[in-house]
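Chain naming follows the written order as A, B and C, and within any one chain the residues start at number 1.
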Amino acid sequence: MIKFITKRILIAIPTLLIIVAFSFFMMRIAPGGPFTNERALPPEIENNIKAAYNLDKPVYEQFYIYIKNLTKGDFGPSFKYKDFSVKELILNGLPVSVTLGLSSIIISLFIGSLLGIIAAINRNTIFDYSVMGVSLLGICVPSFVMAPLLSLFFSLYLGILPTSGWNNGNIMNLILPITALSLPQIAVISRMMRASTIEILNSNFIRTAKSKGLNSSYIIRKHVIRASILPIIEYLAPASAGLMTGSIIIEQIFGLPGIGRYFVVGALQRDYTLVSGVLILYASLLIFLILITDIIRAILDPRVKI
Amino acid sequence: MPLTQKNIKNNNLLLDIHDLNVFFNTPEGISHVVKDVNFNIKKGTCLGVVGESGSGKTQTFFSITGLLANNGYAEGEAFFKNTNLITCSNEERRGFLGKSIGFIFQDPMTSLTPHLKIGDQLAEIAIYHKKINKKKALERAIEVMDIVKLPSNRDIINSYPHELSGGMKQRIMIAISLMCEPDLIIADEPTTALDVTTQAEILNIFNDLKNNLNIGLVLISHNIGVIAETSNEVLVMKDGEILENGETSKVLTKPENKYTQHLLSCIPPWIGN
Amino acid sequence: MNKNNVKIVEDYANIKGRSLWVDARRRLFKNKAAVVSLILLFFIAFLSFFGPFFLKFSFSDTDWNSIYYPPNLNNGHFLGTDGNGRDLLVRILYGGRLSLSIGVLATLVSVFIGVIYGTIAGFFGGKLDVFMMRVVEILYAMPYLIFVIILMVVFGRNIYFLFIAIGAVEWLTMARIVRGQTISLKEKEFIETSKALGQSNFMIIWKHIIPNLAGPIIVYITLMVPSVIILESFLSFLGLGVQEPLTSWGVLISEGSREMETAWWLLIFPGLFMTITLASLNFIGDGLRDAIDPKEY
């Protein structure tokens, strides 16, 4: 197991390096970026940047310093907020984004898989059709339409939930953002789960299980689920990527001070260091999730070699 | 029905089939793949079923065991222990499946659940039907592994299907069907996917089962050589109909039907004698 | 090389191809959801491109006398007006023009990259294939939307650059599909025959492989266009995509969500147009997939 994990980590490192290189060279070629000379910045930030990046050194040395700083968790000073480093900004937003993302991923995986399995077992019944219909809606109504609609209905019309704000993570403030963020993922996951469960139900080994005279709930529990959940496990990383990008918009709409919010502000104001810091953070997180996916898959499917 | 009455008296009969039909709903309409078939199986004998691909061999026996695809349905009578397996409830049928009727499938490579250990896949049948604990069930599993001539040690019990060869998987499939000491085993082309040596070994196992355990056996095969070696009676099917049904020695030496003659003429000369 | 033989091989491939397409079309037109979607989509596209000529308002004219008119059939503002007194219907249709064009153009860019990449990897195989697919795998693991945003930040919010950026990140799946298909086609008889007849690799790819990829490519396009439309709207919603005075559905939805307390129609109608378009494309894509590659269940 340890060997397996080490190998995966060794594969992950070059990926991360490519991303880091991308963000470094992007900042170099960006007009008005931190590494060019024709900047018009307030003197304090100018000094921060100069001190952080040793602009008089040659490029490869700058790249080396950049990577060395990253390994210490230092993303450099913000390009626009003069009293903050990127690390401080990210740490500020982290609790909000983690709360939002983690609850959404758990909710989507759980509800999505459950709906998919039940729909597959009750194929071509009212339940199946309604799940598939609603999930189609979840796929075709993007989150930036769904979120305002939800808040229009539940906050402005019914007045039972707050429109926006973090409010120290009060559950009432979280319901709408988490719902809006999870719905598209629930839609996708329930469809995937339905399709894969149907495929497994039609497979030869389920026929064997039926020929043993076992009852259906036992067959589903023991023989079907562990096989049909595999595509969902594989989807963990893409789903998280979807949630990350989704949260950028959801945080914006519901006025939540998370990382996505900083990212948008950073993008609009061309805060290069902040934007690339978020990129590297998200990419590392995804690579980590892919590692987790591999491990879970190895546990669930004995055919995967460890 | 007078016929049925007679059959119940004849207690040597294991499975008695009358006017069995199988249909499938397809986009092109209803397709009728098994047409009015009649036959029976006696205890301790082997019924060989031959016929070209698509002639309805598999679907005939799927209909009896309730394994038809979702778009399929069956009509007719298939009496097993005084129960019509075609019309009985699913619960009733499940009571027979795995317990008194074992099924061995055409494709051993994909017929075992990939994520469960062999031991669990064997034990679960006995746990379910005989209500015994897992330890006892595993002991029984080792017994049946001995019958199918697998090394009855813990290694196989603890391995996963992908770690076994095709021949071993097929033996496991046979072992699965034997777990609860069945009266009837239906083997659907059990040797097609295997090499010649393994094929002969598996057929030997079937002969032992029939002779020593007094099990009724259905052996579906493309291979007339296999049928000739193992079965007492033979059924020749084509396009869902039974063309010929009788003692193996008779049918294979003096076939009445043109099609059977044709089938026999296709066997390489070194097989028959 | 015998020209005649080549011709025969090509004819064979063509005839097989043709009857396949006839069958596929028949199956597609049997699928009610797909047919209705096809009609709806054509209707929306037609309205977006020609509708504005028949309406009396222009999409950018502000009219301070008609601010926040609710939808009304009598005054000509069928779907109401926004905070600058601009007619919503005209703006939605103009937005549709842009959203649909970006959807199609960016998809074409990605199909172009994906097909070239996939056929090369699949056709030549070996180490090259392994390497190229590893690259795709690595890129797959990246938060590509964040990449697009960064590209937009670095290179400025230019609409032409927008669809190149989207196209440049969306080609991965296409490349995978095309590679898989190419590998299975490569084994087919008519390709072998062409090889035996001495046709060059380029000619084989161009004449035999690419035409035979048409099915999966078409299916994929119909499924990709909606995701590109969503991506564009996403960026525009954040203010990183299409800029004023131009407008797209994403821009309109973004404006609408800011003003939904005073004028719900500004959110609902653009959202509706977009949702109908996305749903139609989805149904058409599913229908095409079933028609071209019929599965049993």
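Please note the rule applied: contacts are C-beta pairs under 8 Å (C-beta built on N, C-alpha and C of every residue); 3 or more make two chains touch, one makes a residue touch a chain.
What you see is a predicted model, and the numbers here were worked out from it, not measured in a lab.
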Pairwise touch network: line, ring, star, complete, or other: line
Of A-C and A-B, whichever chain pair has more C-beta contact pairs: A-C
Averaged-CA centre spacing for the pair chain B and chain A, given as whole angstrom: 51
Approximate Å spacing (C-alpha centroids) for the pair chain A, chain C: 24
Chain A, residues touching no fewer than two other chains: 202
List of chain C residues in touch with chain A within their complex: 138, 141-147, 149-150, 152-154, 226, 230, 233-234, 237-240, 250, 253-254, 256-257, 260-261, 264, 267-268, 271, 274-275, 278-279, 282, 297
Contact footprint of chain C on chain A as seen in their complex: 14-15, 18-19, 22-23, 26, 29-31, 33, 136, 139-142, 144-145, 147-149, 152, 156, 198, 202, 237, 241, 244-245, 248-249, 252-253, 263-264, 267-268, 270, 272, 275-276, 278-279, 282-283, 286-287, 290
Chain A-touching residues of chain B, taken from the complex the two chains share: 65-67, 69-70, 93-99, 102-103, 105, 107, 110-116, 124-125, 128-129, 160, 162, 173, 176
Complex contacts: residues of chain A adjacent to chain B: 123, 202-215, 218, 222-223, 226-227, 300-303
